[in-house]
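Naming follows writing order (A, B and C), and every chain is counted from residue 1.
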Amino acid sequence: MSAVARVDRLTKDFRVGFWRPRPHRALDALSFEIPAGGVFGLLGPNGAGKSTTLKLLLDLLRPTSGRAELLGKPSGDVQARQRLGFLPENPTFYDQLTAEELLTYFAGLFGYRGEDRGRRAAAALDQVGLDDADRRRPLRQYSKGMVQRVGIAQAIVNDPELVILDEPMSGLDPLGRREVRELIIRLRDQGRTVLFSSHILSDAETLCSGVGILAKGQLVAQGTLAELTRGGAGGAEVVVADLAQSVVDRLTGRVAKVTRIADGRYSIEIAGAARPEPLIAELAGAGATLVSVAPLRTTLEDIFMSALSKAKERGEGPERSRGAS
Amino acid sequence: MIGRSAGRIGLVAWHVFKESVRDRVLYGIAGFAVLLVAASILVGQLTAGEDIKIIKDLGLATIELAGVLMTVFIGVGLVSREIERRSIFALLAKPLPRWEFIVGKYGGLVLTIFVNLAAMTAALYLMLAYMSWGAMEVERRAWAAPATDPRLLIAVALIAAELALLTAVALFFSTFSSSALLSVALTVGLFIAGLLSHDLQHFGDIVEVPRSVATFVAAIGWSLPAFSAFSDVKNLIVQGQPVAGGYVAMTLLYAAIYSMAAIAAAVGIFSRREFK
Amino acid sequence: MSAGKTTLATLTVTVVLVGAAAGVLRARDRGYYLPEPTERLLYLRSGSTANRVFLSFDALAADIYWIRSIQNYGRDRTSDRPDRFQLLYPLLDLTTTLDPYFNIAYRFGAILLAVEEPQGPGRPDLAIKLLLKGLEKNPRWQYPYDIGFVHYWYTNDYQEAARWFERAAAMPRAPEWIRPLAAITMASGGDRQSARRMLNELLSSTEQYIRQTARRDLLKLDALDTIDRLNAVVEAFNQKNGRYPTDLDELVRARVVTSVPVDPTGEPFAYDPISHAISLSPTSKVGALPKKMNAR
C-alpha cells in the first residue's frame, strides 16, 4: 500500500446566504496523495479548506465533484473506518460520561467484545497519559487539554493505521501543545501514519515529514520539508552588543542588512555566499560582544507567505466561483 | 453481519439510555409525575364515589403527559446535541453506518421512556392499592372496575405505543433541524395535528365542502401519525368496559408500522446529511 | 448504494409504510365497534364539578366541547352505529353549562337536535329543552322565536308556535315582522305559503347558520311543490291510459314531461310503481321533508 489518502480533483461548493443562496467554492479541484508512514501536515490559513478536505475524506461532507479515498477505499467505506482514527476540531464529548465509559463505548463500536473492550480502552488512555482517577470523572469536569487527550485516545482506541487529527493544537496552552506534539511523535514511532491540519506553522515544522499548503481551496505547495526548504537563501544572522556607531557605519553596504535592536545592540545579516567568521573577528576586534550567531535558511513561513502571495497575484479568490454550480 | 449491526445498534441505544438517566431533565419530569399522581388523591376526595376512577384517569393522564414531555425534550436533542458538541464527527468516523446510528438512538430513547413508564405505573398501582386497602367493602362494590385492575396495563401499553410513535416523530425532526427549539415546535405541532387526525379523516362528514377538498383533507388525516387512535380505549378500560383484544392489537400494530415509517424517513434524511 | 438510491429507497419504504399504517387503522376502525365512552361525561356533567375541574379555563373547555358536539353530529350523520346521536344532547348540555352565554351552542345545537332521521336525531323535544335553558340565562327574543320555529317546522304544533312567536315579539328589541308571523301561524299554520314567508324573513338574519338552514328549508318546500305537481301528472297519465306508469322514464316517453324530473339538488325523484307515490331519492341531499305541510 503506497498511499493512505488520495484525493482526486476534489471540489466542494457550499451554498451561502439565507435569502439568496449562492455557491461558495471551498475546495477547487484539489488533488494530492499522502504516502504511508510519517507525519503529514495539511497547512493553511483559516478558511483555506483544511477541515473541509478532512471531512470529505471521512464522508462527513459530500463532494460536489471529484473523489476522495482513504486506505484504498472510497470515503465512507465502513471497512476503511475500522482501520483509522479521527479527532475532530475542538471536540466535546458526552458531559455525563467518564473517559473510561466513552472509550469503552467507542471500542465496542469497533467490534471489541468482553474483556478486550476494556483492555483496548485502558491501553488508549494509557497512551495519552490520563491517570486512573481522572478516567473515572465525568468529562464535564475536564480541562481543555484533558479533553484533547481523551479525543486523541478515542482516535487510537482501535489501533489504527492512519490517525487523522483536525487542528489538534488549537486552543491549547504551550504545555498542552507540547504534550500533543509528543503524542504525535509517539504515534509516528509506532508506525502509524498521522495526518493533521493546522494553521500554526511552528507545529508543522517540528513534526512533519511532508506538508501540503492550502490557500483558498487550492493546493499551493506540497512536498517534504527538505524539498520545500532546499535551495533557500542561506547566510547567517549575527547579533552583537556594545557596538559603536562608527563600526555600524563602516559595515553598511558590506553586509546584507543591519538592524538596530537597542542601544549598541544590532542584528547583522550576511548573504549566503559570505562566511560569518571574518565578520565576527572584525567585530570582536572593534570591542563588540557577541550575543548569537544563527544560520539563515528558508522557513516554512517563507514558503507559506510566498505561496500565498503567488496565489493572490493570480487573482484567485472565492469571488471567482460566483455563479458556478 | 447482522449480528454486528445489532451489536452496534445495541451499543448506541445503551449509550443513549445511560446518558438520559444521568440527565437532570428526566428526573425533573419524573418527579413532577410522581407528585401529580400523589396529588390525585386530593382531587379524588373532592368528588364522592368516583375517587378510584378519577385517580385512574388522572394517573394515566399524568403518565402520558410526563411521557410526552420526556419524549419531546430528550428526543429532539438526540441528534442535534451530538451535532452541537461535534461528537457526531468522531462517532460517524467510526465503523458505524448512519442507519445504525439512527436506529440505535431510537432504541435507546424508547428504552429510557419505557423504563420511566414502568416506574410511574408502579407508583400508580401502589397508590391504587393503598386506596383500595383503605376503602370499605361497600365502596369497593360500587367501583366499575377493581382498584388495582390489571387491565390498566393495557392502557399503559397503549400509552407506550403512542410514545414510541412520538419518539420516532421527534427523532425524524431531530435529523434535519439544527435548532432544538425548532424541533420541539415541529414535534409538538405534529403531535397536536395527530390528535386531530381522526377529525381530519372524517372532515367531509363534519363540514360541507366540495368532495375534492374533503378527499384532500382526509388524505392528510390518514397520513398524519394518528395520536388520536390511542385515547378512546383508555377511557373504556378505566370504566371497566370490555375492549376487544384485536382492537388493541391493531392499534399496537399501527404504532409499530408508523414508527418504522418515521424511522425510515429519518434514515433517508440523515444519510444525505452533511456536517459542516 | 449511492446517496440518490438510498434516498429513493427510504422514501419508497416510508410512503409504503405510512400507507400500510393507515390501512391498519382503517381496518381497525371499521372492524371493531367501540362503545362510546359516555361515562367520560358523567362526572363532568354536573356544572359545578365541571367548573371546578376546568378552573378558569371553562370558557375554553366549552369551546372544545362545542367543537366535539359538531364533530359528533358530523360523524354520526354518516355512520350506522346503533348509538348514533346519543351523545349529542349531553355534549351540548355540557357545553352550555360550562359557558351559559354560548348563544350559538344553544341555537345551532337546537337545530342539530331537531333535524329528522336519518340526517339527525329527530329530537325536537331536546331542542326545545336546550333552548329553554338558553332562554333562562339569556332573555333575548331569539330564543322564544327559535322555540316557536321548532314547534312550527318540526313538531307542527302551530298553536304552540304562534304562542312562542307572540312571546318573542313581546321581548325587547324584537324585530317588527315577528308579530304578523304569529298571526299568520295562528291563522294558516302548516301552509307552505306562510312557511315560505317565514323562511324568507330568516334569509335576512345576520347569523349565517340561520340563513343556511332557511335556504335548505326553502329547497324542501320547492321539492314538496314539485312532488305535488308530479303526483298530478301521474294521476293524469292514469286517467288517460287506464294504468299507472311503471317508471318516470315512461312519462318522458309519453311526452308528458320533458325529462326525468329532478329535485332542487339535481337528484332525480324516486317513484314507487306499486303505491304510485313520488318521493325524494334516498340519496338526495335535500333532507327529510316536513310531514304536515299543505300546499294551501
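One rule holds for everything that comes next: a contact is a pair of C-beta atoms (placed from the backbone, for glycine too) under 8 Å apart; a residue touches a chain by one contact, two chains touch by 3 or more.
Since the model is a prediction, treat every value here as computed from it, not as a measurement.
A.B. asks: Any chance you could name the chains that touch chain A and chain C both?
C.D. replies: Looking at chain C and chain A together, the chains touching each of them are B.
A.B. asks: What is the chain whose Cα centre is as far as it gets from that of chain B?
C.D. replies: A
A.B. asks: Which chain is in the middle, if each chain's centre is the mean of its C-alpha atoms?
C.D. replies: The chain sitting closest to the overall C-alpha centre is B.
A.B. asks: Using mean CA coordinates as chain centres, what's the chain A-chain C distance in Å?
C.D. replies: The answer is 80 Å.
A.B. asks: So what's the Cα centroid distance for chain A and chain B, whole Å?
C.D. replies: 49
A.B. asks: In whole angstrom, what separates the CA-based centres of chain B and chain C?
C.D. replies: Centre separation, chain B to chain C: 39 Å.
A.B. asks: Give the residues of chain A that touch two or more other chains, as numbers and ranges in rising order.
C.D. replies: If we look for residues of chain A contacting two or more partner chains, we find 62.
A.B. asks: Provide the list of chain C residues touching at least two other chains, using ranges where the numbers run on.
C.D. replies: Counting only residues that touch two or more other chains, chain C contributes 3.
A.B. asks: Can you tell me which positions in chain B touch chain A when the two form their complex?
C.D. replies: Answer in residue numbers: 4, 7-8, 11, 15, 18-19, 22-23, 85-87, 89-97, 274-276.
A.B. asks: Can you list the chain C residues touching chain B in their complex?
C.D. replies: 3, 6-7, 9-11, 13-14, 17-18, 20-22, 24-28, 31-32, 34-35, 37, 39-40, 42-43, 49, 52, 70-71, 73-75, 77-78
A.B. asks: Within their complex, state which residues of chain A touch chain B.
C.D. replies: 14, 55, 58-62, 78-79, 81-82, 84-94, 96-97, 101, 105-106, 108-111, 113, 151, 154-155, 164
A.B. asks: Taking the touch rule as given, give the residues of chain B at its contact with chain C in the complex, in rising order.
C.D. replies: Residues of chain B touching chain C: 46-47, 50, 53-54, 144, 199, 202, 205-207, 222-223, 226, 229, 232-233, 235-236, 239, 241, 243-244, 246-247, 250-251, 253-254, 257-258, 260-262, 264-265, 267-268, 271-272.
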